[in-house]
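I've put the structures underneath this note.
Presented sequentially are two complexes of chain A, the first with chain B as partner and the second with chain C.
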Partner chain A sequence: MERGIAESRQGDWLVLSVSGEVDLSWSQTLRTAVLKALPGTPALAVRLDQVAYIDSSGIAALVEGFQQARSRNQPFVLLAPSPSVRAVLELARLDRVFQIREQLD
Partner chain B sequence: MSAPALLRYRFAARAEALATMRHTLQDALRARAIHETEIARLVLAVDEASSNIIRHAYRDCTPGEIELTVTRARGSLRFRLRDFAPPVDSRCVRPRNLDECRPGGLGINLIDDIMDLWRLRALRRRCGNVLVMFKRLKARSGRGKRDR
Partner chain C sequence: MAATTADTVIEVQGLEAWYGRRRILKGVDFSVRRGEIRVIMGGSGSGKSTLLRHLIGLNRPLAGTVNMLGIDLAHAGTEELLQLRRQIGVSFQGGALITSLDVEDNVSLPLREHTQLDENTVRIMARLKLEIVNLGGFQNLMPSQLSGGMIKRAALARAIVMDPKLLFFDEPSAGLDPVVSAELDELILKLRDALRMTIVVVTHELESAFRIADTITVLDHGDILVTGTVAEVRNSQNERVQDLLHRRPRDLVVDPDEYLKRLTEEDD
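Let's turn to the complex of A and B:
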């Protein structure tokens, strides 16, 4: 599966759809995309259903985005995390921290 | 006599080399009919350990290599990661409090949770460090524990 981040709009939400394996070699790209997207949208969703693998550096990029959004009172959700992403979120006990939704509607 | 290795794999201590390492390890574990969920967790733990070596052990020197050896003995899998970096103070390698929501520092927690036991030591006479992690394949206990 190719790595990539695609942007789309759904109402007020900017959706970043992430695909591929997110590890140390690519997590900085995800971090930059999330932090760059936040100022330009009322709300941000990161779609993770096409993420085949994520490590702690990828999770850290999402945590940083979540914290930035929270400091701006901006909605930030993780959309439809794949089973592998959900497993890591649970291991890190972050499934209780992030707002996780299957869809935006 | 030590158990024969399920996998011996040497790779560059570079982030770009991690994906191939993960897939190689995944294939080796699949060949041993280990459950897919368990494989995913074990691969994550080895990847986190390798990432820490790349980010921290090799931080102040030219990145060298990492040797991964996987063996199976007495119902456990043993994962040995050997690097050629300057010695790491193992007392500084600890899990952090997960109640703090902050980016970074999760790798040790994941390893600690996935593995039953792990220990890190610096090689005294030779350059490098050795991290050994154990996972029982049956009669699993709940949380991982560092060998202190």
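Let's turn to the complex of A and C:
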């Protein structure tokens, strides 16, 4: 699977659709994309259904984004995490911290 | 034994090790497949720690080969070894925490040494691993303030902070109460499933071994007695395997000449 981040809009939401493997070699790209996107949108969703693998540096990027969004009362959700993403979130009990949705409406 | 394939992450052939006159490993063949949890079992003096030291590159093979993630340890250059070390995590029996650093700095150390990650990312990754091992919030404690179980868990957090492909865990349950020990076993299974690690655990705790292992290798006096699934090892007809499983004391074979030599001979 090709890795990349695609942007789209859905109402108030900016959706970052991530695909491929998010590991140490690439997670800083994800981090930059999330942190750059936040100021320009009322709400941010990160779609993770096409993520084949995410390591903890990738999770760290999402945590940092979520933290920044919360400090501005800005909605931030993870959309449809793939089973492998969900397993890593559950390992750290982050499934109970992030807002996780299957779809936006 | 099969040649190294993409699915074999550890391949040891004909490994010999000596400490002075004592032959510790006797032509050991050993291989581990990707995603497997392998337990190395054996009593004191079986050679299991020596095998582990060879696998993590602390000892160089006197004879035989050790191939890890496709890299031949005996012939690897410094850069290759460094690459390999980035993909390996080791949780040492005694923890091996650096006593002058607090828990968070201990756990972050591999990230600071091996990556150029942003400092926020390093902090979150280290604390994430502390959460995973149930040490969330304890990041500012010094190693001297930790209990035995906490030291083990901090050492594990440091071993997995880089999300290694291969994790080595030396005696996870030694000296721990049964509940903490069972929690660590549970965690080992989760790490394999969520982070796709291949895990090698050295232990002499039977209960723990049976709980976590896909496959078990039983070492005795430097020989591999059996490698197989939990059921295969339990049903092994080998007398010494059964001795170990039933905690029967072993009958040491004494070679009078060797024994006398060890007692009387002057060092070189």
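Definition applied: the second predicted complex is superposed on the first by the 105 of 105 C-alpha atoms of A that agree within 3 Å, B and C clash if a C-alpha of one lies under 4 Å from a C-alpha of the other, contacts with A are read in each partner's own complex, and residues count from 1 in each chain.
Just so it is clear, a contact is a pair of C-beta atoms (placed from the backbone, for glycine too) under 8 Å apart; a residue touches a chain by one contact, two chains touch by 3 or more.
Remember, predicted model here, so these are calculated numbers, not experimental data.
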{"item": "Superposed partners chain B and chain C on chain A - clash or fit", "value": "clash"}
{"item": "Contacts of A:Leu91 with chain B and chain C, given as first, second, both or neither", "value": "both"}
{"item": "Partner chain(s) touched by A:Leu24 [first = chain B, second = chain C, both, neither]", "value": "both"}
{"item": "First (chain B), second (chain C), both or neither touched by A:Ile59", "value": "both"}
{"item": "Partner chain(s) touched by A:Val51 [first = chain B, second = chain C, both, neither]", "value": "neither"}
{"item": "Chain B/chain C common contact set on chain A", "value": "23-24, 53, 55-57, 59-61, 63-64, 84, 87-88, 91-94"}
{"item": "Chain A residues within the chain B interface of the complex", "value": "21, 23-25, 53, 55-57, 59-61, 63-64, 66-67, 84, 87-88, 91-94, 97"}
{"item": "Sites on chain A touched by chain C in the complex", "value": "23-24, 27-28, 31, 53, 55-57, 59-61, 63-64, 84, 87-88, 90-94"}
{"item": "Residue ranges of chain C in contact with chain A within the complex", "value": "115, 117-118, 120-121, 124-125, 128-129, 131-132, 161-163, 190-191, 193-196"}
{"item": "Partner chain A, residues of chain B touching it in the complex", "value": "14-16, 18-19, 22, 37, 40-41, 44, 47-48, 51, 54-55, 98, 101-107, 109-110, 113-114"}
